[in-house]
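Next up, some structures in structure tokens.
In the two complexes that follow, subunit A is the common piece, with subunit B as its partner first and subunit C second.
Presenting the complex of A and B:
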């Protein structure tokens, strides 16, 4: 105690700072940094969880590159991204743009759009799975049948299943994006709009020349945030295809589901770890690319 | 607080003046109608989930939103078997403990990085921030091995440990502590409070809205978390609600009214909380989204 009392105010601060950070530093080291290194290490090894860990160099990566399932999965993951991100961005912007101009029951409308964000992905995956069932069970096909339109095979079709699984993921995320867009719209100074009105600029020109350019930080945030979400899609796919995860014929399988199956169904830890490293690199590349493109322009 | 919040009066005032100048024309009416229709469409899946959970099996195939003979039979059946009760308790305990831990540690670290000047501060900040780039999925295999080694598989601790602190929360709190004037902290120091007391009694009460926003995010995230609890649990009584519902859905097969009941049980708590604290939660989400 005397030792502490002899310190200067500045030295005391340093002691307090490190005391406050002690537990978190241990946490981040043991639960974040060490496992990251370990995952990379395991990706160069062959290990089935029970036997010995043997060093195999780049074997896991070469297997991965020559695995047709991996390329199918890789393609699927990017389809989720390239379909989900623009669709949700456009829908949420259109809704936010109009909702921002609506005053009557504004709070109520906003609540309706936001509600799905508060649901659990697993629960909603099961609800949508029920919607997609063939007649006489599924809601969508029943509705189609009642107006005489032929049945659509949703989850059993190799072409329709992926968009069908993507739909609830987009749906659940809209509310968040709308709220963020509205906050972005409100942060645009009103004087810009007033100046445009005095100059007699058309609504479209205002949208393209004022609103969208000034919303760029918001758009960057939403694009990066939703891209990361779609690249990591898992809950919806797993729960809507539990009888044949990632099916039919791997047509809906994203990278995270492949990782899960390789690690916890086949117990091929080395191979799964190599896939996680690929996921990490993809996420890193996509976020950096988007930040670059959207920031510079 | 957020810029958006400060500008809200201006924009509301403008909307009002505009509305007064130009009474509802056809365009505005159509806009409102379409927005309303879209909003109803958005909540349809939730409405059908609740509706079906209140139907008898023979009624689930019709499209009616209001059941002819509503029943709570499905709820008594699902809850009677006891599993959902345990899954509910597990989820509640895990989400609550994780939320408390995040609120305490993320704000402590955020506060330290924001208000203290010490060698290594920048490195610690960058190190924590860099973990944002590491996807959870990359860590599940090493976490699983750790859990296996230390006997954490199938325990509450095993489910909780990866999420006890988050870089997102730390960054969020650091941003908000910037708004706390240094003078307050200096004054408290002169009054003879120690640093722990200053953090807890001076700084923390000033960032309450941010703490609430963080708590909402962490709670919701852990309440709905799926992949890690799925991996780390293996006995039925240790499942969380999402993991339990997933296995229950498989087992119930075509008994959709029971699956919808299970889905409703795991969704309604967060929906009810949202409906009560709606304005507050939306503001919190915006704050967390824009600052984080």
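Presenting the complex of A and C:
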């Protein structure tokens, strides 16, 4: 206590600053950095959760490169990203743009769009899974069959399954993106629009020359946010294909699901850690790229 | 809180601590771990109660976890000197547990190998290494054919099918297809994701004249003519204008059967409990159909109990006593009555009452000719079967070609596993 009393005010401030900073530092070290470092370590080892860890050098990574399933899963992950992000961006912008102009039942409509975002992904995935079933239980196929149209294999198809799973995932994220877009739209000063109207500029020109350029920070935020979300997609896929996770024939399996299966059903922790390191690098690259675009503004 | 209450509390805790210490001097507490499944937990509670009544100086504390966390928790606890003295594990995990030094062999004087060889169903011998047993089951599981009595009657079938040909004929009679060609009711369920991969491996391949694995399940051997025939038979069930079955019908085979939309369904004895509670469903059980020569086969699996390396001294002695009780005849009968899983000894299972039981009987008869696959990675090996069928149904690959890929995939899984274990 004497020691503390002898300090100057400036030194006391520093002590207190570090005391408060210590909490997040300890938290990050124990909860984030230590496991991350450990995962990187395990990726060079062979471990089945029970026995001893043995060093295998780069074995896990060479297995990874020569594993056709890994490359298919890698491709799936980017299909989720490259299909999901633009589609959800366009839909949410269109909805937000029109909702912004609507006065009639505005609050109610906004609530309807936001509701899916608050719904549990697991519950939603199981309901959609039921929608997609073949006759006699599937909602969509029963509707098709009742008007005499042949059934569509939604989930039991190597080509349709991925978009079928992506659809509810996009829908679930829409509410959040709409709210962000609407906030962005409100932030654009009215005076620009008034000036444009006085000059007699067309609606399209207003959209292209005023609205979209001024929305750029909002768009960048949503792109970053939703790309990370689609790169980490798991719960929709897992719950809609629990009997054959990521199937059929791995056509819907994202990287996170492959990691989960390698680790907790095959108990090959080393290989799973190697996949995790790859996912980490991908997320890092995508985030850095997008931060760079942000800075260019 | 007033001072007097505080004092009373302090006094109370002091006396209870003293009582605890006093009883600890002559009572041993051991821990038992299993995964959470309602019926298993209540059966074990009953067993513990009986055991404690017979051994007043031993108390048993049961802990259970969700299945998903089970392995991780066990692996973390035992090396740290925590956790169970007696632990339950899946038979397929034995190698891993032995290699990781988590369990110790059962003492030979209490569990002599020749006595166990003679008393238990033969598949339990997979738990033996040299002259010592590592673990023993209370109960075992096998497959049988569930059938919907109402749908059978509707189709004019009086007896459940005895052979594979009868199975297909009965199933086709029960399948319903609407005007547009959509299947609205199946004769028999199909899906490799459920129990069918066991049925195909250990039953169909053998019935078509093959031997699914060689070399103590280390070498895949179904990539033969018998394997191709078995696969063509299996996938063939879903083909034709009036198929016997349909893949993916009502999402899950057991759901279709439970909803009364499937005439027959192959499943394990653990399904009995959930079907028994289904209102409006009248069902029966028959043995799995034989082939044309009358040859039958079945698949059996089981969970075993073992003593962990953590148990030492008086806890070890108590653990041995507890092990002895939970694999006793009495325990097996309780397990059958509460959980519906079959006794691991013929002397208990094949009593007249059990073997002639209309529900348990077919399962128990199946045990006599059952095979137990030694899995290295059960879900990985199942996946090979699932994809084998998908390549045929979704990509139009021939049975021979798809079978060859499946055999190669599974062999690679086995090689990788045995290279490190």
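Here is the rule we go by: the second predicted complex is superposed on the first by the 285 of 297 C-alpha atoms of A that agree within 3 Å, B and C clash if a C-alpha of one lies under 4 Å from a C-alpha of the other, contacts with A are read in each partner's own complex, and residues count from 1 in each chain.
FYI, a contact is a pair of C-beta atoms (placed from the backbone, for glycine too) under 8 Å apart; a residue touches a chain by one contact, two chains touch by 3 or more.
Bear in mind that the values here come from a model prediction, so they are computed numbers and not experimental data.
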| item | value |
| --- | --- |
| First, second, both or neither for A:158, with subunit B first and subunit C second | second |
| Partner chain in contact with A:136 - subunit B first, subunit C second, else both or neither | both |
| Which of subunit B and subunit C A:192 touches, first, second, both or neither | neither |
| First, second, both or neither for A:244, with subunit B first and subunit C second | second |
| Subunit B versus subunit C as contact partner of A:264, first or second or both or neither | both |
| Touching both subunit B and subunit C, residues of subunit A | 129-130, 133, 136-137, 243, 264 |
| Of subunit A, residues touching subunit C in the complex | 46, 48-52, 129-130, 133-137, 145, 148, 150-151, 155-158, 243-244, 247-250, 261, 264-267 |
| Touching residues on subunit C, where the partner in the complex is subunit A | 68, 71-72, 75, 96-97, 99-100, 102, 178, 180, 182-185, 191, 193-194, 246-252, 261, 377, 379-380, 383, 386-387, 390-391, 394-395, 420-421 |
| Parts of subunit B lying in touch with subunit A, wherever the complex brings them together | 2-4, 7-8, 10-11, 14-16, 19, 24, 28, 31-32, 34-36, 38-40, 42-43, 45-46, 48-49, 52, 60-63, 105, 108-109, 111-112, 116-119, 121, 124, 127-128, 131, 133-146, 161-162, 164-165, 170, 195-196, 199, 220, 223-224, 226-227, 231, 241-243, 245-246, 249-250, 254, 256, 259-260, 262-264, 266-267, 270-271, 273-275, 278-279, 282, 285-286, 289-290 |
| Touch list for subunit A against partner subunit B, complex | 10, 13-14, 16-18, 20-21, 23-25, 27-28, 31-36, 38-39, 42, 95, 98-105, 107-124, 126-131, 133, 136-137, 139, 142-143, 146, 168, 171, 174-176, 179-180, 183-184, 186-187, 189-190, 221, 225, 232, 234-235, 238-239, 242-243, 256, 259-260, 263-264, 269, 272-273, 276-277, 279-280, 283-284, 287 |
